[in-house]
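What follows is a set of structures to go through.
Each of the next two complexes has chain A plus one more chain, namely chain B in the first and chain C in the second.
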Partner chain A sequence: MRNPRFVGLLLVAPALLAVGALFVYPLLFSVASAFTSKEGQATLANFARAYELYSVDIAFTLVIVVTSTLLCGLLAIAIGGYLTLGENARAVAILKWLYRWPLFIPFVVAAQCMRTFVAKNGLMNNSLVSLGILEPIQTTSFLDWRGIVITFVWKQTPFVALLVAGAMASLDRSTIEAARNLGAGRLRILVEIVVPQVSSTLVVALILSFVTMMSVLSVPIMISGESPTMMTVDMAFRINAYGDYGTANALGVLSYLMTGAVAWIYLRRGIREGGRP
Partner chain B sequence: MAGAALEIDRVEAAYGAVKVLKAVSLAVRPGEFVALLGSSGCGKTTLLRAISGFVPVASGRILVDGRDISGLPPDKRDMAMVFQSYALWPHMTAAGNIGYGLKLRGWDRARTAERVGQMLAMLKLDGLGGRMVTQLSGGQRQRVALGRALAVDPRILLLDEPLSNLDARIREDVRHEIKALQNKLGITAIHVTHDREEAMVMADRIVILDAGEIAQVGSPEEVYNRPASTFVASFMGAGNVVRLTARRDGDGLVLGAGQLSNEIRVPAESVAGGAGDQVVAHFRGEAVRLGAPDAGDRGMLVLKGRVAQASYPGGHWRYGVTVGSQHFMVDDPRRLHVGESVGIGLPLDSLHLFAAGADSGPAERV
Partner chain C sequence: MTALAWLPRAIVLGLIAFAIFGPLANLALWAAAEQWYFPHKLPVVYGLKFWHQVFKPSSDALASLGTSVVIALLTVAVSLALAVPAGYALARLSLPLRGLIMLAFLLPQAFPSVAVYINVARIFYTLGLNGTIAGVVLVHAVHGLVFAVWIAAAAFAAVDRDLELAARNIGAGALRTFLTVTLPLAAPGIVASAIFVFLESLDEFTGTFFVGVPDVTTLPLLMFTASVAGNYQIAAITALILLVPSVGFMMFVERFLKADVLAKVGA
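This part shows the complex of A and B:
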């Protein structure tokens, strides 16, 4: 116990081992197997097959996740903004209580709820019809990419809003009052004063949501399992139907690249702002 | 008050059940610099925030040029505030901060740039307009905050302890700079501070607040030399208090502290609140003369005591002198020793006299 460095290593060893065995090794293994043929030779054939069979799904995944991420961001700003700048104390309290609920609901349950909500005869259409906004004949099923987006946004917005509202609440309140004092309305304060000051938190929350949504399998399977669908569904299908780990891993590497690109944008931004992540 | 730039008429404000302002009335003349002075929790910041619209008024009215603005939101009041924390927007440059109010008023880019340039020059910030405010020093940030408030040419400038985050040395300079600027621009200003000297140096008029009420309003000289109550006397630095007996003698009063002092004769009207048989005298440590304990000087009350403590804060000695069971802090240029017998000589004009037990209460409002 004389060498403090040794003691330190000993203390972090269990965590390090767990990360290595449960994350780093499987990651490296799956990346390697994406570049390996069934015969064990280095190849790009898995990527060629992935592109040939699933290029539409790759694009579809990107569009869905980017759209959902942007919508989450907008809604989270709206929620956080109202919690920070709202003047009706009761409305603020109700919103604060309500908005976190979806956080505690698993994706698979959210997807199941959404199936009944966005179906042709689901609660959403029935409500719109009973409100006279839609005629029964005009109703369509949203159990396609729109259903996936709605579910993702419903499930992920509270998470982004939680972080963003927290950051907004910890702002120096007088920066908001200073703008108000000079004559800025609340919407303007939100856009020009509040959001720029919490942009780092917002970006982190959106990147985490982006990564989460990229990896969800239950929602696309349950809402819209048919083509075009998301890459996670394709990966599950390659493995379950064909035992084709190579193509599945190639698709996995492509999702890593997508999330990696997003993380890179974030890191570059952090460096430009002077090393502040 | 006719022609007042700002009139506060029996304004009350509360945080929950706690009443913070109690029927405060005040009129501020155009171009006047008024300091709201008081200790923590006296309501001075609440009064400023009520004027700016951030604290709702429970009752009473606030009028600007005769127009009732009590119900208007902060963004419609045409005032500009300099915050204690400066409240600069860290994602903007100095010029961005200063020009923001002009952008809100729909000024075009060229005109805004010209005005921002003028502000930067006036506040000696030339060449710093393009810097992010996070890269500026405390003094520079303070000036950007002032520039941001002045750029929109507000009817009333509100200053919420704007100097409290500055180094003592810079603070002295900035006091004079702000005062000079306010004089030059002729703008009406309300300044909140807990620093007595700052209020004295900067303000035309000082409003002393105590527990949500105005204790006294007057020029710096008035509140310093003629405090209206024991609270104001203590707050303005006359912190030594001695209880004296009073005896009528013709049209005057004879005051003394029994065995502990000689007796002096004073005009009856020199005691605020009317004289009973007990009088409370406040005096400043720097207004006394230390001498021999038995030096009976006509017109000077001499308290007989003993030096209990000595320190040298610079320029003069500061002594803790015990008189009977009481303790006074007094200054004197001469070196005395602990244990030495002394007489604290109090010239009549150094005494602020009040009827005992009856604080004369809030002064007549101006």
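This part shows the complex of A and C:
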């Protein structure tokens, strides 16, 4: 009984069991249910129906999430890059104070903010009209897939930027100084020296953001609940309106496959770089 | 000349500030508006009528705030009960497959969760846990467990081993050493993880949406219902209530989560 390994496992077991019972089991349950008909036979009919009804939304989900992830990455590199290479201490301090705000704001609240901000008569259009940049007739509502992208980027960029800026701050400054002495511009230093060295942090942050966006239900419902929308909305609709677990779980399996594909790209890249993911 | 050199910077920083605070300003305007309709660019009548409605003793909003806080406190209790022993074991005891165990806690954040919650709700329905506080607490606790376990493990790992050895040398037992030396030293990190779990639970929407229906209404669910029903003032005021702890945490997180603990998270 004095064996420390045994004691250690005993201490970890309750937490592991909780994850197993309340996450892994339902996850496997959803996969099994996706491949089972109402009569309990193995079938692919659920996937056929999911594709037939929601192929547009499946494509939209991919477009929305991939676009948002890429925009988050670009903006995070820009923010992190300026925080690392910026020469004006005051501007760096202001940016550092500014960019973090959406980080801890809940997705439901972000969705409510954007639902009013990017609407046809929202503060964004009103400000542009007041400044004389837009004519009232030119204003459009962004409450469709673009609004979902805007909300995701607004909410998720600070998270990616926080991790990327942290990684950039811990870089060895000597390579940056050497490049600067050789006359390289700041943009070139960022693209050729800084970003390659923080790429693994960047990719991890982007994959976590990708999964988060695939999981969020409130933002797509509140910004654009009508078709074309995201698969999360369709899953909730199949359950709440029809109790149709088969189709909902088939869509769920497709969402696992999408994140699985992203994770696989990451792992393969890790192996190519010498087995260190 | 220096003023002119600031111009491009000021424009870019101004645009960023507008992009970040614009949506929040729109929310604040809605919270203070009594009447606001097209084509007015700003509220027509300002007032606190809807604040009285939200904060009157019999309101749904106060009841759901209470539900949210009770659920979040219970979630913290459940997570810490699971995470403190697990974190200690991961930090101090030699475990087989330690890396895999650490990763297992990340699973709930590594898969899109909507389909999982649908099936949790289905399983809970057969167990009579659907629509109960207990069911919602369990779902929140597992979702937040990765922060609780990883931060607890980092906090224990940052405790100086020599202090524990000194306590053991003067005759304290393993449990007494843990309770009087290790746990107090790791406490700031554990408090940080508790705040993290509390906020995750307070803000959680998707799990509650599926598992809590129809009897458990938390504040995010009430906000969602108000917003979808077009009641923007109530939605904005409840959203502001949800913002207070989140922004407060952002201000003070560095006070609790010291750099020596932060550096060990996930390691």
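Heads up, the rule we're going with is that the second predicted complex is superposed on the first by the 273 of 277 C-alpha atoms of A that agree within 3 Å, B and C clash if a C-alpha of one lies under 4 Å from a C-alpha of the other, contacts with A are read in each partner's own complex, and residues count from 1 in each chain.
Just so we're on the same page, a contact is a pair of C-beta atoms (placed from the backbone, for glycine too) under 8 Å apart; a residue touches a chain by one contact, two chains touch by 3 or more.
Since this is a predicted model, take the numbers as computed values, not measurements.
Once the complexes are laid over each other on chain A, chain B and chain C both fit without any clash.
In the superposed model, A:Leu62 makes contact with neither chain B nor chain C.
After overlaying the two complexes on the shared chain, residue contacts for A:Arg5 are found with chain C alone; chain B is out of touch. Touch criterion met: A:Ser255 reaches chain C, while chain B stays clear of it. Within the superposed three-chain model, A:Ala179 lies in touch with chain B and out of touch with chain C [touch as defined at top].
Angle at the C-alpha centre of chain A formed with the centres of chain B and chain C, after superposition on chain A: 90°, rounded to the nearest 10.
When the shared chain is aligned, chain C comes close enough to touch A:Ile94, but chain B does not. Greater residue coverage of chain A by touch, when chain B is weighed against chain C, goes to C. With chain A fitted onto itself, chain B and chain C come no nearer than 15 Å, counting C-alpha atoms only. Comparing the two interfaces of chain A, the one with chain B and the one with chain C have no residue in common.
Listing the residues of chain A that touch chain B in their complex gives 172, 174-175, 177-185, 188, 192-193, 196-197, 199. Taken together, the chain B residues at the contact with chain A in this complex read 52, 54, 73-81, 83-85, 87-91, 100-101, 104-105, 148, 152. Against chain C, in their complex, chain A makes its touches with residues 4-5, 7-9, 11-12, 14-16, 18-19, 22-27, 29-30, 33, 88, 91, 94-95, 98-117, 121-124, 126-127, 129-130, 136, 154, 208, 211-212, 214-218, 221-222, 232, 235-236, 239, 245, 248-249, 251-253, 255-256, 258-259, 263.
Interface of chain C with chain A (complex): residues 9, 13, 16-27, 29-30, 38-39, 41, 81-83, 85-86, 88-90, 93-96, 101, 104-105, 107-120, 122-123, 138-139, 141-142, 145, 149, 199, 202-203, 205-206, 209-210, 220, 223-224, 227-228, 232, 235-236, 239, 242-243, 246-247, 249-250.
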